[in-house]
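Each structure below is given as C-alpha coordinates.
In what follows, chain A forms one complex with chain B and a second complex with chain C.
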Partner chain A sequence: MSSISIEEIADLFANNLSKVLRTMAGFEVSSIQCGQQGMPEIEPSIMGAMILHGQKDAMISLAMEDNTAYMLIAYMTGILPEDLEEQDLYDGVGELVNIMTGEVKARLANTPYQFRLTSPFALGGDNLKVVFKKNLQGACRFLTAGELEIIFRISYI
Partner chain B sequence: MDKKFYQPFCRSTKDIIKEMAGIEIEGMESMEEEEGEISSMGVSSIITFAGTRKGRLLVDMELGLALYLANTILGEAYTDAMDRMVLSTVSEINNIVSGNAITSLNNSYSMDLRLAPPVVFTGQDMVISIPKINSLSSQGYTEYGKISINVAWEGGNK
Partner chain C sequence: MKVLAIDDSIMVRKIIRGAVEVLDGNLIEASDGIEALEVMEEEYKDIDLILLDWNMPRLNGMEVLKQLKADRRFRGIPVMMVTTESERKNIVRAIQAGAAHYLIKPFTIEELVKRIMESMGKGE
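For the complex of A and B:
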(Lines of atoms letter the chains of each structure in order from A and count residues from 1; the text may use other names and numbers.)
(Lines give C-alpha, C1' and ligand atoms only; values in the text may rest on other atoms or scores of the structure.)
Protein backbone atom coordinates (compact mmCIF):
# COMPACT_ATOMS: atom_id res chain seq x y z
CA MET A 1 0.00 0.00 0.00
CA SER A 2 1.37 3.44 -0.92
CA SER A 3 1.91 5.91 1.88
CA ILE A 4 -1.01 7.96 3.17
CA SER A 5 -0.49 11.48 4.46
CA ILE A 6 -2.12 12.70 7.65
CA GLU A 7 -4.28 14.99 5.49
CA GLU A 8 -5.62 11.95 3.61
CA ILE A 9 -6.25 10.17 6.90
CA ALA A 10 -8.11 13.27 8.14
CA ASP A 11 -10.24 13.12 4.99
CA LEU A 12 -11.02 9.45 5.68
CA PHE A 13 -12.34 10.38 9.13
CA ALA A 14 -14.17 13.50 7.91
CA ASN A 15 -15.81 11.64 5.02
CA ASN A 16 -16.85 8.84 7.32
CA LEU A 17 -18.28 11.29 9.85
CA SER A 18 -20.26 12.92 7.03
CA LYS A 19 -21.61 9.51 6.06
CA VAL A 20 -22.52 8.68 9.66
CA LEU A 21 -24.31 12.00 10.13
CA ARG A 22 -26.19 11.57 6.86
CA THR A 23 -27.27 8.04 7.77
CA MET A 24 -28.11 8.62 11.43
CA ALA A 25 -29.45 12.14 11.38
CA GLY A 26 -30.12 13.04 7.75
CA PHE A 27 -27.58 15.89 7.64
CA GLU A 28 -25.82 16.76 4.37
CA VAL A 29 -22.39 17.70 5.66
CA SER A 30 -19.66 19.58 3.82
CA SER A 31 -16.05 19.61 4.94
CA ILE A 32 -13.19 22.07 4.42
CA GLN A 33 -9.67 22.31 5.79
CA CYS A 34 -9.54 24.43 8.94
CA GLY A 35 -8.23 27.94 8.48
CA GLN A 36 -9.71 28.38 5.02
CA GLN A 37 -11.53 31.56 4.20
CA GLY A 38 -15.13 31.47 5.30
CA MET A 39 -14.54 29.30 8.34
CA PRO A 40 -16.33 31.01 11.23
CA GLU A 41 -14.84 31.40 14.70
CA ILE A 42 -16.41 28.89 17.03
CA GLU A 43 -15.76 28.36 20.72
CA PRO A 44 -16.20 24.65 21.42
CA SER A 45 -17.66 23.79 24.79
CA ILE A 46 -17.86 20.03 24.29
CA MET A 47 -15.31 17.70 22.81
CA GLY A 48 -15.32 13.97 22.14
CA ALA A 49 -11.90 12.36 21.78
CA MET A 50 -10.10 9.07 21.45
CA ILE A 51 -6.48 7.96 21.55
CA LEU A 52 -5.52 5.54 18.77
CA HIS A 53 -2.68 3.06 19.20
CA GLY A 54 -0.84 2.24 15.99
CA GLN A 55 2.57 2.44 14.38
CA LYS A 56 2.14 6.11 15.25
CA ASP A 57 -0.15 6.90 18.17
CA ALA A 58 -2.69 9.61 17.49
CA MET A 59 -5.47 11.52 19.13
CA ILE A 60 -8.64 12.39 17.28
CA SER A 61 -11.28 14.81 18.50
CA LEU A 62 -14.63 16.28 17.54
CA ALA A 63 -15.26 19.69 19.06
CA MET A 64 -18.46 21.71 18.91
CA GLU A 65 -20.55 24.27 20.70
CA ASP A 66 -23.38 23.18 23.01
CA ASN A 67 -26.16 24.04 20.57
CA THR A 68 -24.60 21.82 17.88
CA ALA A 69 -24.24 18.97 20.37
CA TYR A 70 -27.88 19.28 21.45
CA MET A 71 -29.08 19.28 17.84
CA LEU A 72 -26.86 16.40 16.81
CA ILE A 73 -27.62 14.13 19.74
CA ALA A 74 -31.35 14.92 19.49
CA TYR A 75 -31.37 13.77 15.86
CA MET A 76 -29.24 10.72 16.67
CA THR A 77 -31.33 9.55 19.62
CA GLY A 78 -34.78 10.86 18.79
CA ILE A 79 -34.90 12.62 22.18
CA LEU A 80 -36.04 16.23 22.15
CA PRO A 81 -33.18 18.69 22.79
CA GLU A 82 -34.93 20.08 25.88
CA ASP A 83 -35.14 16.56 27.33
CA LEU A 84 -31.44 15.83 26.87
CA GLU A 85 -29.26 15.93 29.96
CA GLU A 86 -25.63 16.95 30.03
CA GLN A 87 -24.55 13.33 30.46
CA ASP A 88 -26.50 12.41 27.29
CA LEU A 89 -24.41 14.93 25.36
CA TYR A 90 -21.14 13.50 26.67
CA ASP A 91 -22.27 9.94 25.95
CA GLY A 92 -23.54 10.93 22.50
CA VAL A 93 -20.42 12.80 21.44
CA GLY A 94 -18.22 9.97 22.73
CA GLU A 95 -20.33 7.46 20.82
CA LEU A 96 -20.09 9.56 17.66
CA VAL A 97 -16.30 9.43 17.92
CA ASN A 98 -16.54 5.66 18.38
CA ILE A 99 -18.78 5.16 15.36
CA MET A 100 -16.71 7.44 13.13
CA THR A 101 -13.50 5.67 14.11
CA GLY A 102 -14.82 2.13 13.80
CA GLU A 103 -15.22 2.23 10.04
CA VAL A 104 -11.89 3.97 9.46
CA LYS A 105 -10.26 1.25 11.56
CA ALA A 106 -11.83 -1.39 9.30
CA ARG A 107 -10.65 0.40 6.16
CA LEU A 108 -7.08 0.69 7.41
CA ALA A 109 -6.90 -2.87 8.78
CA ASN A 110 -3.99 -4.91 7.39
CA THR A 111 -2.19 -1.78 6.21
CA PRO A 112 0.78 -0.07 7.87
CA TYR A 113 -1.75 2.47 9.21
CA GLN A 114 -3.87 0.03 11.17
CA PHE A 115 -4.65 1.05 14.72
CA ARG A 116 -6.31 -0.11 17.93
CA LEU A 117 -9.14 1.82 19.49
CA THR A 118 -9.32 2.96 23.09
CA SER A 119 -12.39 4.11 25.01
CA PRO A 120 -13.69 7.46 23.80
CA PHE A 121 -14.04 10.23 26.33
CA ALA A 122 -15.73 13.61 26.37
CA LEU A 123 -14.75 16.97 27.80
CA GLY A 124 -17.07 19.83 28.62
CA GLY A 125 -16.33 23.37 29.73
CA ASP A 126 -15.35 26.80 28.49
CA ASN A 127 -12.06 27.70 26.84
CA LEU A 128 -11.21 24.03 26.33
CA LYS A 129 -7.57 23.62 25.42
CA VAL A 130 -5.67 20.49 24.44
CA VAL A 131 -1.90 20.59 24.77
CA PHE A 132 0.44 18.32 22.84
CA LYS A 133 4.16 18.37 22.39
CA LYS A 134 5.36 21.03 19.96
CA ASN A 135 5.74 20.46 16.22
CA LEU A 136 3.54 17.38 16.05
CA GLN A 137 1.96 16.47 12.74
CA GLY A 138 -1.75 17.12 12.66
CA ALA A 139 -4.68 17.90 10.41
CA CYS A 140 -8.01 19.61 10.94
CA ARG A 141 -11.35 19.69 9.12
CA PHE A 142 -14.29 21.97 9.62
CA LEU A 143 -17.62 20.25 8.96
CA THR A 144 -20.88 22.10 8.53
CA ALA A 145 -24.51 21.32 7.81
CA GLY A 146 -26.70 24.38 8.24
CA GLU A 147 -26.17 25.61 11.77
CA LEU A 148 -24.28 22.50 12.75
CA GLU A 149 -20.53 23.16 13.02
CA ILE A 150 -17.95 20.58 14.05
CA ILE A 151 -14.17 20.71 14.16
CA PHE A 152 -12.40 17.40 13.59
CA ARG A 153 -8.73 17.14 14.49
CA ILE A 154 -6.16 14.38 14.28
CA SER A 155 -2.69 14.75 15.77
CA TYR A 156 0.13 12.26 15.96
CA ILE A 157 1.21 12.25 19.60
CA MET B 1 -10.74 -6.36 37.64
CA ASP B 2 -8.78 -6.92 40.83
CA LYS B 3 -7.66 -3.84 42.79
CA LYS B 4 -4.08 -5.00 42.44
CA PHE B 5 -4.24 -3.62 38.89
CA TYR B 6 -5.18 -0.16 40.21
CA GLN B 7 -3.04 0.25 43.32
CA PRO B 8 0.32 0.59 41.50
CA PHE B 9 -0.91 3.90 40.09
CA CYS B 10 -1.54 5.30 43.60
CA ARG B 11 1.85 4.18 44.83
CA SER B 12 3.57 5.46 41.71
CA THR B 13 1.89 8.90 41.95
CA LYS B 14 3.01 9.34 45.54
CA ASP B 15 6.53 8.02 44.91
CA ILE B 16 7.21 9.97 41.73
CA ILE B 17 5.93 13.30 43.04
CA LYS B 18 7.93 12.89 46.21
CA GLU B 19 11.02 11.96 44.25
CA MET B 20 10.70 14.73 41.65
CA ALA B 21 9.37 17.61 43.72
CA GLY B 22 10.03 16.57 47.31
CA ILE B 23 6.43 16.83 48.45
CA GLU B 24 4.34 14.31 50.29
CA ILE B 25 0.86 13.41 49.12
CA GLU B 26 -1.48 12.70 52.00
CA GLY B 27 -4.32 10.32 51.37
CA MET B 28 -4.44 8.31 48.14
CA GLU B 29 -4.47 5.13 50.22
CA SER B 30 -7.62 3.65 48.74
CA MET B 31 -9.62 3.82 45.53
CA GLU B 32 -13.33 4.38 45.16
CA GLU B 33 -15.59 3.58 42.25
CA GLU B 34 -16.18 6.66 40.10
CA GLU B 35 -19.68 7.21 38.87
CA GLY B 36 -20.57 9.59 36.08
CA GLU B 37 -18.50 12.54 35.11
CA ILE B 38 -15.38 13.92 36.76
CA SER B 39 -15.12 17.65 37.46
CA SER B 40 -11.60 18.83 36.80
CA MET B 41 -9.79 20.77 39.51
CA GLY B 42 -7.80 22.74 36.92
CA VAL B 43 -5.39 20.71 34.79
CA SER B 44 -5.96 17.17 33.62
CA SER B 45 -3.75 14.79 31.76
CA ILE B 46 -4.81 11.50 30.24
CA ILE B 47 -2.59 8.67 29.11
CA THR B 48 -3.68 5.39 27.60
CA PHE B 49 -1.95 2.04 27.65
CA ALA B 50 -2.57 -1.15 25.74
CA GLY B 51 -1.30 -4.68 25.93
CA THR B 52 -3.14 -7.82 26.95
CA ARG B 53 -5.70 -5.30 28.28
CA LYS B 54 -6.38 -1.65 27.57
CA GLY B 55 -6.68 1.10 30.16
CA ARG B 56 -5.96 4.68 30.96
CA LEU B 57 -4.84 6.96 33.74
CA LEU B 58 -6.27 10.41 34.30
CA VAL B 59 -4.29 12.72 36.58
CA ASP B 60 -6.09 15.84 37.71
CA MET B 61 -4.73 18.58 39.95
CA GLU B 62 -5.33 22.08 41.17
CA LEU B 63 -3.58 24.90 39.34
CA GLY B 64 -1.50 25.82 42.39
CA LEU B 65 -0.04 22.33 42.60
CA ALA B 66 0.68 22.25 38.85
CA LEU B 67 2.50 25.55 39.16
CA TYR B 68 4.51 24.40 42.19
CA LEU B 69 5.52 21.15 40.46
CA ALA B 70 6.65 22.96 37.30
CA ASN B 71 8.60 25.60 39.20
CA THR B 72 10.29 23.01 41.41
CA ILE B 73 11.09 20.48 38.72
CA LEU B 74 12.16 22.98 36.07
CA GLY B 75 13.78 25.48 38.44
CA GLU B 76 11.80 28.35 36.95
CA ALA B 77 9.34 30.88 38.35
CA TYR B 78 6.22 30.49 36.25
CA THR B 79 3.24 32.45 37.48
CA ASP B 80 0.66 31.31 34.93
CA ALA B 81 -0.52 27.73 35.33
CA MET B 82 -1.68 27.83 31.70
CA ASP B 83 1.91 28.36 30.52
CA ARG B 84 2.80 25.67 28.01
CA MET B 85 5.80 24.54 30.10
CA VAL B 86 3.64 24.11 33.20
CA LEU B 87 1.15 21.99 31.25
CA SER B 88 3.98 20.02 29.68
CA THR B 89 5.34 19.29 33.16
CA VAL B 90 1.97 17.85 34.21
CA SER B 91 1.99 15.77 31.05
CA GLU B 92 5.50 14.49 31.75
CA ILE B 93 4.63 13.64 35.36
CA ASN B 94 1.71 11.58 34.09
CA ASN B 95 4.05 9.84 31.66
CA ILE B 96 6.56 8.95 34.38
CA VAL B 97 3.88 7.90 36.89
CA SER B 98 2.23 5.65 34.30
CA GLY B 99 5.54 4.28 33.07
CA ASN B 100 6.49 3.31 36.59
CA ALA B 101 3.10 1.71 37.30
CA ILE B 102 2.88 -0.28 34.09
CA THR B 103 6.46 -1.50 34.47
CA SER B 104 5.40 -2.92 37.82
CA LEU B 105 2.28 -4.50 36.25
CA ASN B 106 4.26 -5.89 33.32
CA ASN B 107 6.84 -7.41 35.65
CA SER B 108 4.25 -8.93 37.97
CA TYR B 109 1.55 -10.04 35.54
CA SER B 110 3.18 -10.10 32.06
CA MET B 111 0.58 -7.67 30.70
CA ASP B 112 2.81 -6.42 27.88
CA LEU B 113 1.45 -2.89 28.37
CA ARG B 114 2.74 -0.02 26.25
CA LEU B 115 2.05 3.66 26.83
CA ALA B 116 0.83 6.18 24.30
CA PRO B 117 2.07 9.74 24.86
CA PRO B 118 -0.02 11.74 27.34
CA VAL B 119 -2.32 14.61 26.44
CA VAL B 120 -3.14 17.56 28.70
CA PHE B 121 -6.48 19.35 28.88
CA THR B 122 -7.43 22.59 30.50
CA GLY B 123 -10.63 24.57 30.55
CA GLN B 124 -12.90 26.58 32.75
CA ASP B 125 -15.23 24.39 34.84
CA MET B 126 -14.08 21.43 32.79
CA VAL B 127 -15.90 18.12 33.08
CA ILE B 128 -14.48 14.82 31.87
CA SER B 129 -16.82 12.02 30.96
CA ILE B 130 -15.76 8.53 30.00
CA PRO B 131 -18.78 6.55 28.88
CA LYS B 132 -19.06 2.79 29.00
CA ILE B 133 -16.05 2.24 31.22
CA ASN B 134 -15.89 1.72 34.96
CA SER B 135 -13.12 3.39 36.84
CA LEU B 136 -11.66 3.89 40.30
CA SER B 137 -10.51 7.22 41.71
CA SER B 138 -8.24 8.23 44.55
CA GLN B 139 -7.79 11.66 46.10
CA GLY B 140 -4.61 13.10 47.54
CA TYR B 141 -3.73 16.32 49.29
CA THR B 142 -0.55 18.37 49.38
CA GLU B 143 0.19 21.72 50.93
CA TYR B 144 0.11 23.22 47.41
CA GLY B 145 -3.22 21.78 46.31
CA LYS B 146 -5.25 18.67 45.68
CA ILE B 147 -4.49 15.91 43.21
CA SER B 148 -6.61 13.00 42.09
CA ILE B 149 -6.07 10.03 39.85
CA ASN B 150 -8.63 7.96 38.01
CA VAL B 151 -7.73 4.56 36.59
CA ALA B 152 -9.86 2.59 34.19
CA TRP B 153 -9.44 -0.80 32.59
CA GLU B 154 -11.63 -1.92 29.75
CA GLY B 155 -13.62 -4.85 30.95
CA GLY B 156 -14.43 -3.11 34.21
CA ASN B 157 -13.44 -3.15 37.82
CA LYS B 158 -14.40 -6.71 38.59
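For the complex of A and C:
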Protein backbone atom coordinates (compact mmCIF):
# COMPACT_ATOMS: atom_id res chain seq x y z
CA MET A 1 0.00 0.00 0.00
CA SER A 2 1.30 3.45 -0.89
CA SER A 3 1.95 5.83 1.95
CA ILE A 4 -0.84 7.97 3.31
CA SER A 5 -0.14 11.45 4.61
CA ILE A 6 -1.60 12.71 7.85
CA GLU A 7 -3.64 15.17 5.78
CA GLU A 8 -5.22 12.27 3.91
CA ILE A 9 -5.92 10.49 7.19
CA ALA A 10 -7.52 13.70 8.50
CA ASP A 11 -9.76 13.72 5.43
CA LEU A 12 -10.77 10.11 6.11
CA PHE A 13 -11.91 11.12 9.60
CA ALA A 14 -13.56 14.34 8.43
CA ASN A 15 -15.43 12.57 5.64
CA ASN A 16 -16.61 9.90 8.04
CA LEU A 17 -17.70 12.52 10.56
CA SER A 18 -19.74 14.13 7.79
CA LYS A 19 -21.36 10.78 7.10
CA VAL A 20 -22.12 10.24 10.80
CA LEU A 21 -23.71 13.69 11.13
CA ARG A 22 -25.72 13.24 7.93
CA THR A 23 -26.94 9.78 8.98
CA MET A 24 -27.67 10.39 12.64
CA ALA A 25 -28.58 14.08 12.74
CA GLY A 26 -29.49 15.05 9.18
CA PHE A 27 -26.77 17.70 8.80
CA GLU A 28 -24.98 18.26 5.50
CA VAL A 29 -21.53 19.25 6.67
CA SER A 30 -18.72 20.81 4.66
CA SER A 31 -15.08 20.53 5.64
CA ILE A 32 -12.09 22.79 5.04
CA GLN A 33 -8.53 22.86 6.29
CA CYS A 34 -8.18 24.94 9.43
CA GLY A 35 -6.62 28.37 9.04
CA GLN A 36 -8.19 29.09 5.67
CA GLN A 37 -9.50 32.57 5.04
CA GLY A 38 -13.05 32.99 6.24
CA MET A 39 -12.82 30.36 8.95
CA PRO A 40 -14.57 31.89 11.96
CA GLU A 41 -12.99 32.08 15.38
CA ILE A 42 -14.66 29.70 17.78
CA GLU A 43 -13.98 29.19 21.45
CA PRO A 44 -14.56 25.49 22.16
CA SER A 45 -15.94 24.59 25.54
CA ILE A 46 -16.34 20.85 25.04
CA MET A 47 -14.04 18.33 23.42
CA GLY A 48 -14.32 14.63 22.70
CA ALA A 49 -11.08 12.76 22.17
CA MET A 50 -9.50 9.36 21.74
CA ILE A 51 -6.02 7.92 21.53
CA LEU A 52 -5.14 5.71 18.58
CA HIS A 53 -2.40 3.12 19.08
CA GLY A 54 -0.63 2.01 15.92
CA GLN A 55 2.74 2.11 14.25
CA LYS A 56 2.58 5.76 15.28
CA ASP A 57 0.34 6.71 18.18
CA ALA A 58 -2.03 9.60 17.60
CA MET A 59 -4.65 11.66 19.35
CA ILE A 60 -7.84 12.75 17.65
CA SER A 61 -10.29 15.30 18.97
CA LEU A 62 -13.52 17.06 18.13
CA ALA A 63 -13.93 20.48 19.73
CA MET A 64 -17.00 22.66 19.69
CA GLU A 65 -18.94 25.25 21.63
CA ASP A 66 -21.68 24.18 24.02
CA ASN A 67 -24.50 25.33 21.76
CA THR A 68 -23.19 23.16 18.92
CA ALA A 69 -22.98 20.16 21.26
CA TYR A 70 -26.55 20.76 22.47
CA MET A 71 -27.81 21.02 18.89
CA LEU A 72 -25.96 17.89 17.75
CA ILE A 73 -26.99 15.68 20.63
CA ALA A 74 -30.57 16.94 20.43
CA TYR A 75 -30.81 16.04 16.75
CA MET A 76 -29.14 12.67 17.29
CA THR A 77 -31.33 11.62 20.20
CA GLY A 78 -34.57 13.41 19.37
CA ILE A 79 -34.49 15.01 22.82
CA LEU A 80 -35.06 18.75 23.15
CA PRO A 81 -31.87 20.70 23.98
CA GLU A 82 -33.41 22.07 27.19
CA ASP A 83 -34.03 18.52 28.37
CA LEU A 84 -30.40 17.46 27.91
CA GLU A 85 -28.13 17.32 30.92
CA GLU A 86 -24.45 18.16 31.01
CA GLN A 87 -23.50 14.48 31.20
CA ASP A 88 -25.47 13.89 27.99
CA LEU A 89 -23.24 16.39 26.20
CA TYR A 90 -19.97 14.89 27.40
CA ASP A 91 -21.13 11.37 26.70
CA GLY A 92 -22.53 12.35 23.30
CA VAL A 93 -19.44 14.17 22.11
CA GLY A 94 -17.25 11.25 23.23
CA GLU A 95 -19.52 8.79 21.44
CA LEU A 96 -19.41 10.93 18.33
CA VAL A 97 -15.63 10.50 18.29
CA ASN A 98 -16.10 6.76 18.76
CA ILE A 99 -18.59 6.42 15.90
CA MET A 100 -16.51 8.62 13.60
CA THR A 101 -13.49 6.42 14.23
CA GLY A 102 -15.13 3.04 13.64
CA GLU A 103 -15.23 3.07 9.86
CA VAL A 104 -11.77 4.64 9.55
CA LYS A 105 -10.39 1.84 11.73
CA ALA A 106 -11.98 -0.73 9.44
CA ARG A 107 -10.66 0.98 6.28
CA LEU A 108 -7.12 1.09 7.61
CA ALA A 109 -7.16 -2.47 8.98
CA ASN A 110 -4.51 -4.72 7.45
CA THR A 111 -2.49 -1.69 6.30
CA PRO A 112 0.60 -0.17 7.92
CA TYR A 113 -1.75 2.48 9.31
CA GLN A 114 -4.02 0.15 11.27
CA PHE A 115 -4.68 1.13 14.85
CA ARG A 116 -6.34 0.10 18.09
CA LEU A 117 -8.34 2.65 19.99
CA THR A 118 -8.96 3.64 23.56
CA SER A 119 -12.31 4.49 25.06
CA PRO A 120 -13.37 7.97 24.06
CA PHE A 121 -13.21 10.68 26.67
CA ALA A 122 -14.41 14.25 26.95
CA LEU A 123 -13.03 17.48 28.33
CA GLY A 124 -14.83 20.65 29.27
CA GLY A 125 -13.77 24.23 30.02
CA ASP A 126 -13.51 27.69 28.54
CA ASN A 127 -11.74 28.14 25.22
CA LEU A 128 -10.32 24.62 25.16
CA LYS A 129 -7.36 23.83 22.99
CA VAL A 130 -4.85 21.03 22.73
CA VAL A 131 -1.25 22.10 22.22
CA PHE A 132 1.18 19.62 20.70
CA LYS A 133 4.94 19.87 20.34
CA LYS A 134 5.88 21.86 17.27
CA ASN A 135 7.75 19.05 15.54
CA LEU A 136 4.87 16.59 15.74
CA GLN A 137 2.90 16.04 12.55
CA GLY A 138 -0.74 16.99 12.74
CA ALA A 139 -3.71 18.07 10.70
CA CYS A 140 -6.88 20.01 11.36
CA ARG A 141 -10.27 20.34 9.67
CA PHE A 142 -13.05 22.82 10.27
CA LEU A 143 -16.49 21.32 9.71
CA THR A 144 -19.56 23.43 9.42
CA ALA A 145 -23.27 23.23 8.68
CA GLY A 146 -25.11 26.47 9.34
CA GLU A 147 -24.51 27.39 12.96
CA LEU A 148 -22.85 24.06 13.67
CA GLU A 149 -19.06 24.44 13.86
CA ILE A 150 -16.65 21.66 14.80
CA ILE A 151 -12.88 21.48 14.81
CA PHE A 152 -11.32 18.07 14.15
CA ARG A 153 -7.66 17.57 14.95
CA ILE A 154 -5.30 14.64 14.63
CA SER A 155 -1.72 14.69 15.80
CA TYR A 156 0.93 12.05 16.20
CA ILE A 157 2.00 11.93 19.81
CA MET B 1 -41.93 -6.32 23.78
CA LYS B 2 -39.06 -5.84 26.21
CA VAL B 3 -35.60 -4.94 24.94
CA LEU B 4 -32.32 -4.88 26.85
CA ALA B 5 -29.87 -2.26 25.51
CA ILE B 6 -26.27 -2.82 26.59
CA ASP B 7 -24.12 0.18 25.68
CA ASP B 8 -21.74 2.36 27.65
CA SER B 9 -22.97 5.48 25.86
CA ILE B 10 -25.91 7.31 27.42
CA MET B 11 -26.60 8.90 24.05
CA VAL B 12 -26.84 5.59 22.22
CA ARG B 13 -29.12 4.19 24.92
CA LYS B 14 -31.37 7.24 24.52
CA ILE B 15 -31.49 6.73 20.75
CA ILE B 16 -32.40 3.09 21.27
CA ARG B 17 -35.04 4.09 23.81
CA GLY B 18 -36.60 6.36 21.19
CA ALA B 19 -36.73 3.50 18.68
CA VAL B 20 -38.19 1.02 21.16
CA GLU B 21 -40.84 3.51 22.23
CA VAL B 22 -41.85 3.98 18.58
CA LEU B 23 -42.65 0.26 18.67
CA ASP B 24 -44.55 0.58 21.98
CA GLY B 25 -41.91 -1.55 23.65
CA ASN B 26 -40.17 -1.30 27.01
CA LEU B 27 -36.45 -0.76 27.38
CA ILE B 28 -34.12 -1.94 30.10
CA GLU B 29 -30.62 -0.47 30.08
CA ALA B 30 -27.20 -1.69 31.10
CA SER B 31 -24.05 0.39 30.76
CA ASP B 32 -21.55 -2.46 30.52
CA GLY B 33 -21.30 -6.22 30.27
CA ILE B 34 -21.18 -6.95 33.98
CA GLU B 35 -24.27 -4.89 34.64
CA ALA B 36 -25.96 -6.60 31.69
CA LEU B 37 -25.38 -10.07 33.08
CA GLU B 38 -26.74 -8.95 36.44
CA VAL B 39 -29.86 -7.61 34.72
CA MET B 40 -30.22 -10.87 32.81
CA GLU B 41 -30.24 -12.89 36.02
CA GLU B 42 -33.25 -10.89 37.19
CA GLU B 43 -35.13 -10.18 34.01
CA TYR B 44 -34.29 -12.78 31.36
CA LYS B 45 -37.74 -14.33 31.31
CA ASP B 46 -39.26 -11.05 30.11
CA ILE B 47 -36.60 -10.00 27.62
CA ASP B 48 -37.39 -10.48 23.93
CA LEU B 49 -34.32 -8.91 22.34
CA ILE B 50 -30.84 -7.82 23.37
CA LEU B 51 -29.02 -4.95 21.65
CA LEU B 52 -25.33 -5.26 22.43
CA ASP B 53 -22.44 -2.86 21.94
CA TRP B 54 -18.98 -4.32 21.42
CA ASN B 55 -16.47 -1.94 23.02
CA MET B 56 -17.37 -1.39 26.65
CA PRO B 57 -15.48 -1.16 29.93
CA ARG B 58 -15.21 -4.08 32.38
CA LEU B 59 -16.67 -6.76 30.07
CA ASN B 60 -16.88 -6.22 26.32
CA GLY B 61 -19.73 -7.20 24.08
CA MET B 62 -18.08 -10.26 22.59
CA GLU B 63 -17.50 -11.70 26.05
CA VAL B 64 -21.08 -10.92 27.01
CA LEU B 65 -22.31 -12.62 23.85
CA LYS B 66 -20.28 -15.75 24.59
CA GLN B 67 -21.61 -15.90 28.14
CA LEU B 68 -25.19 -15.39 27.01
CA LYS B 69 -24.93 -18.15 24.44
CA ALA B 70 -23.25 -20.49 26.93
CA ASP B 71 -26.17 -20.20 29.35
CA ARG B 72 -29.19 -22.27 28.40
CA ARG B 73 -31.52 -19.83 30.11
CA PHE B 74 -30.38 -16.97 27.88
CA ARG B 75 -29.28 -18.53 24.63
CA GLY B 76 -32.69 -18.42 22.95
CA ILE B 77 -32.98 -14.64 23.24
CA PRO B 78 -31.89 -13.02 19.95
CA VAL B 79 -28.91 -10.69 20.16
CA MET B 80 -28.28 -7.83 17.74
CA MET B 81 -24.82 -6.32 17.87
CA VAL B 82 -25.03 -2.51 17.61
CA THR B 83 -21.47 -1.34 17.27
CA THR B 84 -18.84 0.70 15.45
CA GLU B 85 -16.87 -2.50 14.77
CA SER B 86 -17.21 -2.84 11.02
CA GLU B 87 -14.25 -5.03 10.12
CA ARG B 88 -15.50 -8.09 8.26
CA LYS B 89 -13.55 -10.48 10.51
CA ASN B 90 -15.26 -9.06 13.61
CA ILE B 91 -18.71 -9.29 12.05
CA VAL B 92 -18.01 -12.94 11.24
CA ARG B 93 -16.74 -13.53 14.79
CA ALA B 94 -19.93 -12.13 16.26
CA ILE B 95 -22.19 -14.15 13.98
CA GLN B 96 -20.20 -17.30 14.74
CA ALA B 97 -20.54 -16.56 18.46
CA GLY B 98 -24.32 -16.44 18.12
CA ALA B 99 -25.33 -12.89 17.22
CA ALA B 100 -28.52 -13.05 15.13
CA HIS B 101 -28.19 -9.55 13.67
CA TYR B 102 -25.49 -6.92 13.25
CA LEU B 103 -26.04 -3.16 12.96
CA ILE B 104 -23.10 -0.86 12.39
CA LYS B 105 -23.06 2.65 13.83
CA PRO B 106 -23.89 5.18 12.45
CA PHE B 107 -27.49 4.32 11.71
CA THR B 108 -30.70 6.25 11.24
CA ILE B 109 -33.51 5.88 13.75
CA GLU B 110 -35.64 4.43 10.94
CA GLU B 111 -32.99 1.81 10.24
CA LEU B 112 -32.82 0.92 13.92
CA VAL B 113 -36.59 0.57 14.19
CA LYS B 114 -36.64 -1.63 11.08
CA ARG B 115 -33.85 -3.85 12.35
CA ILE B 116 -35.53 -4.27 15.74
CA MET B 117 -38.74 -5.30 13.98
CA GLU B 118 -36.83 -7.77 11.83
CA SER B 119 -35.12 -9.18 14.89
CA MET B 120 -38.53 -9.70 16.48
CA GLY B 121 -39.81 -11.46 13.38
CA LYS B 122 -41.97 -8.47 12.48
CA GLY B 123 -40.04 -7.40 9.38
CA GLU B 124 -41.73 -6.00 6.32
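The working rule: the second predicted complex is superposed on the first by the 155 of 157 C-alpha atoms of A that agree within 3 Å, B and C clash if a C-alpha of one lies under 4 Å from a C-alpha of the other, contacts with A are read in each partner's own complex, and residues count from 1 in each chain.
The rule is short, and it goes like this: contacts are C-beta pairs under 8 Å (C-beta built on N, C-alpha and C of every residue); 3 or more make two chains touch, one makes a residue touch a chain.
Here the structure is a predicted model, which means the values were calculated and not measured.
K.L.:
Contact-wise, after the overlay, does A:Ser119 reach chain B, chain C, both or neither (first, second, both, neither)?
P.N.:
Both partners, chain B and chain C.
K.L.:
Should A:Ile99 be classified as contacting the first partner (chain B), the second (chain C), both, or neither?
P.N.:
After superposing on A, A:Ile99 lies in contact with chain C but is clear of chain B.
K.L.:
First (chain B), second (chain C), both or neither: which does A:Phe132 touch?
P.N.:
first
K.L.:
Of the partners chain B and chain C, which touch A:Val20 in the superposed model: first, second, both, neither?
P.N.:
second
K.L.:
For A:Met76, select first, second, both or neither according to whether it touches chain B, chain C, the two together, or no partner.
P.N.:
The answer is second: A:Met76 touches chain C but not chain B.
K.L.:
Tell me which partner A:Ala109 touches in the superposition: chain B (first), chain C (second), both or neither.
P.N.:
second
K.L.:
So in the superposed three-chain picture, is A:Ile157 touching just chain B, just chain C, both, or none of them (first/second/both/neither)?
P.N.:
It touches chain B, and chain C stays clear.
K.L.:
Residues of chain A that sit at the chain B interface in one complex and at the chain C interface in the other, please.
P.N.:
87, 91, 94-95, 119
K.L.:
Quick check on the complex: what are the chain A residues that touch chain B?
P.N.:
51, 53, 57, 59, 86-87, 90-91, 94-95, 116, 118-133, 157
K.L.:
Of all residues in chain A, which touch chain C in the complex?
P.N.:
19-20, 23-24, 73, 76-79, 87-88, 91-92, 94-95, 98-99, 101-103, 105-106, 109, 117, 119
K.L.:
Of all residues in chain B, which touch chain A in the complex?
P.N.:
36-37, 40, 46, 48, 50, 54, 56, 82, 84, 87-88, 91, 114, 116-117, 119-133, 152, 154
K.L.:
Provide the residue numbers of chain C that touch chain A in the complex, in ascending order.
P.N.:
Touching chain A: residues 8-12, 14-15, 18, 55, 57, 83-87, 104-109 of chain C.
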